[in-house]
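There are two complexes below, and they share chain A, which is joined by chain B in the first and by chain C in the second.
And now, the complex of A and B:
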């Protein structure tokens, strides 16, 4: 395997891991607060659709990104309302939302652009950090990425810092570990959880936009293709810790990149198996390799005073 | 001492009150006055027309049986509930808290019966929760904890994780949490129920120091020894009403008890009077005489060991024999392996090592159904989670383990079920409107009597496992529960009784085994003279 191929593999692993990382970081915060958003998938898809349409009609991918974020707000609001105010089963409502969003975006997309359109959509600019992008052999392949990737890393880092060192992070952590304690301390569990779900929505919107206007500059029906579920798996694999979740996302990204890499290396594997690979990895990781789990104690349990 | 007529409450001039005590209390500034407070939950009148006054620097004890309305009163003060009627004045101002947050800002702090700590977080993080804004200043907070620890004698490591702390230490965290707000009134809802004897001493000292600083202290308790030691004034509640107050409680203990249960102590069963620590010594003289039993073992436990997911032994090499007609008490602070022992013996937890035999049959790791079939009755620790289905009727719950007996052409014969239920209710004194009433509407005492009734009528009963059977019950129910257990014992049933109430164990058990961190610390005869030895073993001191 040549240096170039390694560089391409590394670059595409990072690129494919990024949407997972964004949505997994958002989901991690929400799960820490005690809400399981199965609707990450739907939120990502809505973000991807909103971003794509916004970018197409305004001609500005940055405005598209904003529109993508705005488009996810109602989805996140619905999830937050169902799971916190109505205290509905979070898994059922999440899956319901995913189906709803898949139907809504598909219908809207066909109504707007026709069923088999491959319209090119203006995408976000690429950028490479100074010096790193100039490294011979692999600088370009690894570091020349959509600026959203770097912005996303900064957002994830800030989120991790807030969770660790601020009162807000402490409250979020406690809302999933012992909500009654949060309530008795005078904070509102409901508000914290609403906020956490909206944060997941925001991160998932970034993830969706990364797919549609960051990575491939087009929208296709159901383009998240289970990415939201992989993000959920990454949180479990990461044992609800941000560092391990990042590694899990990179691992899944690499597994996806392998789909393209193996044929390029002349290794003949049935295509169906390759497409299955990241999901298979996720299944194995979540099912067997992780050992002990330490999920937040009140994950998926609605808070009743 | 004033008996009855709560309307006259708060007027300190009473001919029956010793002049010195009255002067003592009236010197203090009134801090919180409650007037005519009432609170109703559905059909239950939890409080009616309660008036109480708490002064600065006073330790005011609220005494009463379970369900007397003590906790409701505390929760009204702390703003958890809103009163239906009545008014409160705090520091001379009208006080109507919209919620706990409002109470806290006014300077009222409360230590709840159930702790509200986040087990995953450190002491400091728990203290900062809801208090801090922006970036957490953990070092600063730890410094403050150390100061308070030193000042009040509450030893605490600020960076320890809550899950690694003992119950007593957790309570200290709760108290420090309150004290950090520099409250003017501290409310403690049954704080000593979960503590070791030595820890209780420590807690009472803290209360005295807090009161000496000019803070008012409301202390809810069952235990008369505590009242005798620290209370300045006592208010007795019964059935949601103030039935007595005392300005000199230490001298009026008997009267207070009578007011609380409306009966003379002499008429009470010995086990019930053991609730009041000081009386235990007289009470257990009778049970000590019954230690001689026929040597006829019914349960044999050999080296039973339970490990948790992390491989830590929660129950370590537990070996014990229980004979027919014998009550063996398991003493220890909660969380020292009692729950695991009960769960393994009832088939709900797998033993990692060791075996146990019931009537010479190896029942290790058998299903609860098989264990019941050999004649084992189980009164589980967690009544709501394990012992009953709260959504179903009383009759259904009474026969939950043998509903098949009421099959008639494949259908449930409800008439027979009701009739049998009525008989059982009578036998075990389960007070309810009827057999069809929802189990959840019964009081804790009646629920427990029902569970006990079901288990004691198990077919071919040879062994009864009772885990914390009197937890949360009032004196009358405790009496009934122990009366039934004794009766079964006389029938030749072997009883393993797990309880954290040492005085109760001493009065009812024949032998006591002390558990500490999953190991047996020692055996002894259940006698009041062993009390201190047992207390030391409960704290992990080897003799």
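And now, the complex of A and C:
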């Protein structure tokens, strides 16, 4: 394997891992607070759609990104309302929202652009950090990426810092581990959980926009194609810890990149095996084969005062 | 006296459930109609295209019913597992595994050389066993490590969907022999004798023997759930596992068995789709039927007749939606919107149901 190939592989692994990383980081916060958003998939898809349409009509990908974020707000609000206020089954509502969003975005896309449109949509600019981008061989292939990737990394780092070192982070953790104690301390479990779901929505919107206007510069029907479920798998595999979740995302990204890399290297591994690998690993993780799992104690359980 | 009061109370609850389900369905259809109207398509065109595709000809009716069969089997499995408070969201994977097993058995398992009706029965049994095993794994994980069955069955659905893809991509598995580069990545067509015989013997109305089989199974499950000790035990396990264990009910075997059975029904649905309709295995074989079946089960609120009604509703919705796209140019994705609205509305409505029950 030549140096160029390693560089391309590393670059595409990071690029493919990024949407997972964004949405998984968002989902991790929400699951820590006790709400499982099966709807990450739908939120990502809505973000991708909003971002693409916004960028197409305003001609500005940055406005598109904002529109993508705004478009996810109703989806996140619906999920938060159903799981916190109506105390509905979080899994069922998540699946319902995913079907709803897939149907709605597909319908709207067809109505707006017709069925087999391949309209090129203005995408976000690329950027490389100084010095890193100039490294011979690697610089261009690895670090020359959409600026959203770097911005996203910063957001993930801030979120990790808030979760670990601030009172807010402590409250979020407690809402999923000891909701009753949070309630007694005078904070509102419901409000914390609403906030956490909205944060998942925000991060999923970034992830969706990364797909549509960051990576391929177009929108296709159902383009997230299970990415939201992969993000859930990454949180599970990451054992609800941010470091391990990031590693899981990178690993999943690398597995996806290998689908394109291996045939180029003349190695014949069934494509399907590489695609299912993340799900298989997550299954092994929840099956207790990769150390003990420690999900937040009150995950998926609605809080009743 | 008390029993009578309880019966009346249960009846009242059932009626509320039916009304809420009906209201959700009507609301969702209304949303769909508004969407159609907002797309500038005349409602009459849309509705007549829908009706034509759903029940406009004997062929359309049979196609809708065949769709409902697969949905209904998954839905019955969901209700069965749900009685023990287990949520099987793995229908998609169980259908996929059933499809693989039925194809393998029909093409290469020697089923076609068997006497009598066995050539089409044996692959169906193989499919049920494969789907059951797939569901059973989730049961083992639940019983041994306490893994949430929702997460395990969902992950296993994705694995199974890609297993189908693998099987039809690889010639050493189920892909048809490649003659040239244009050979499609799908299996050979299964032999004539392994196809499920048609009730009418005529392809203009392709209702097959799966219909009576599915109905019999649904009746059996309904009886088992409501009239047998096993059904009562499942309910006990579901309502209060600790108390059930104190009462001497073996929890682990109950979980294993019920998830196996739910999976087996999903596997059988896969066999019906393959041997009664598609006749060859293709990538994306399960095409969302498992997730729709889950919705059917959910909509039924625990009752088998409810499953039948909602399976038919979704079967006709799907057929009608496909024809709306073909004939009136309305994206069939509208049907997904309708389904999504139904699920979300019902999940939300459960809140009022619970509140009513607890009398707050």
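Methods note: the second predicted complex is superposed on the first by the 284 of 305 C-alpha atoms of A that agree within 3 Å, B and C clash if a C-alpha of one lies under 4 Å from a C-alpha of the other, contacts with A are read in each partner's own complex, and residues count from 1 in each chain.
Here is the rule we go by: a residue touches a chain if its C-beta (ideal position, glycine included) is under 8 Å from a C-beta of that chain, and two chains touch if they have at least 3 such contacts.
The model shown is predicted, which means the values in this text are computed figures rather than measured ones.
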item: Touched partner set for A:266, first chain B, second chain C, both or neither; value: neither
item: Which superposed partner A:181 touches (first chain B, second chain C, both, neither); value: first
item: First, second, both or neither for A:170, with chain B first and chain C second; value: first
item: Which of chain B and chain C A:130 touches, first, second, both or neither; value: neither
item: If touched residues of chain A are counted for chain B and for chain C, the larger one; value: C
item: Doubly contacted residues of chain A, that is, touched by chain B and again by chain C; value: none
item: In the complex, chain A residues that touch chain C; value: 78, 82, 86-89, 91-93, 95-104, 106-107, 110-111, 115, 221, 226, 229, 232-233, 236, 270-273, 275-276, 279-280, 282-283, 286-288, 293
item: Touching residues on chain C, where the partner in the complex is chain A; value: 35, 39, 87, 89, 141, 144-145, 147-148, 150-152, 154-156, 158-159, 162-163, 165-166, 169-170, 291, 294-295, 298, 331, 333-344, 347-348, 350-351, 354
item: Chain B contact footprint on chain A (complex, rising order); value: 165-167, 170-171, 173-174, 177-178, 180-187, 292, 297
item: Chain B - residues contacting chain A, complex; value: 100-101, 104, 112, 116-121, 125-126, 128-136, 309-310
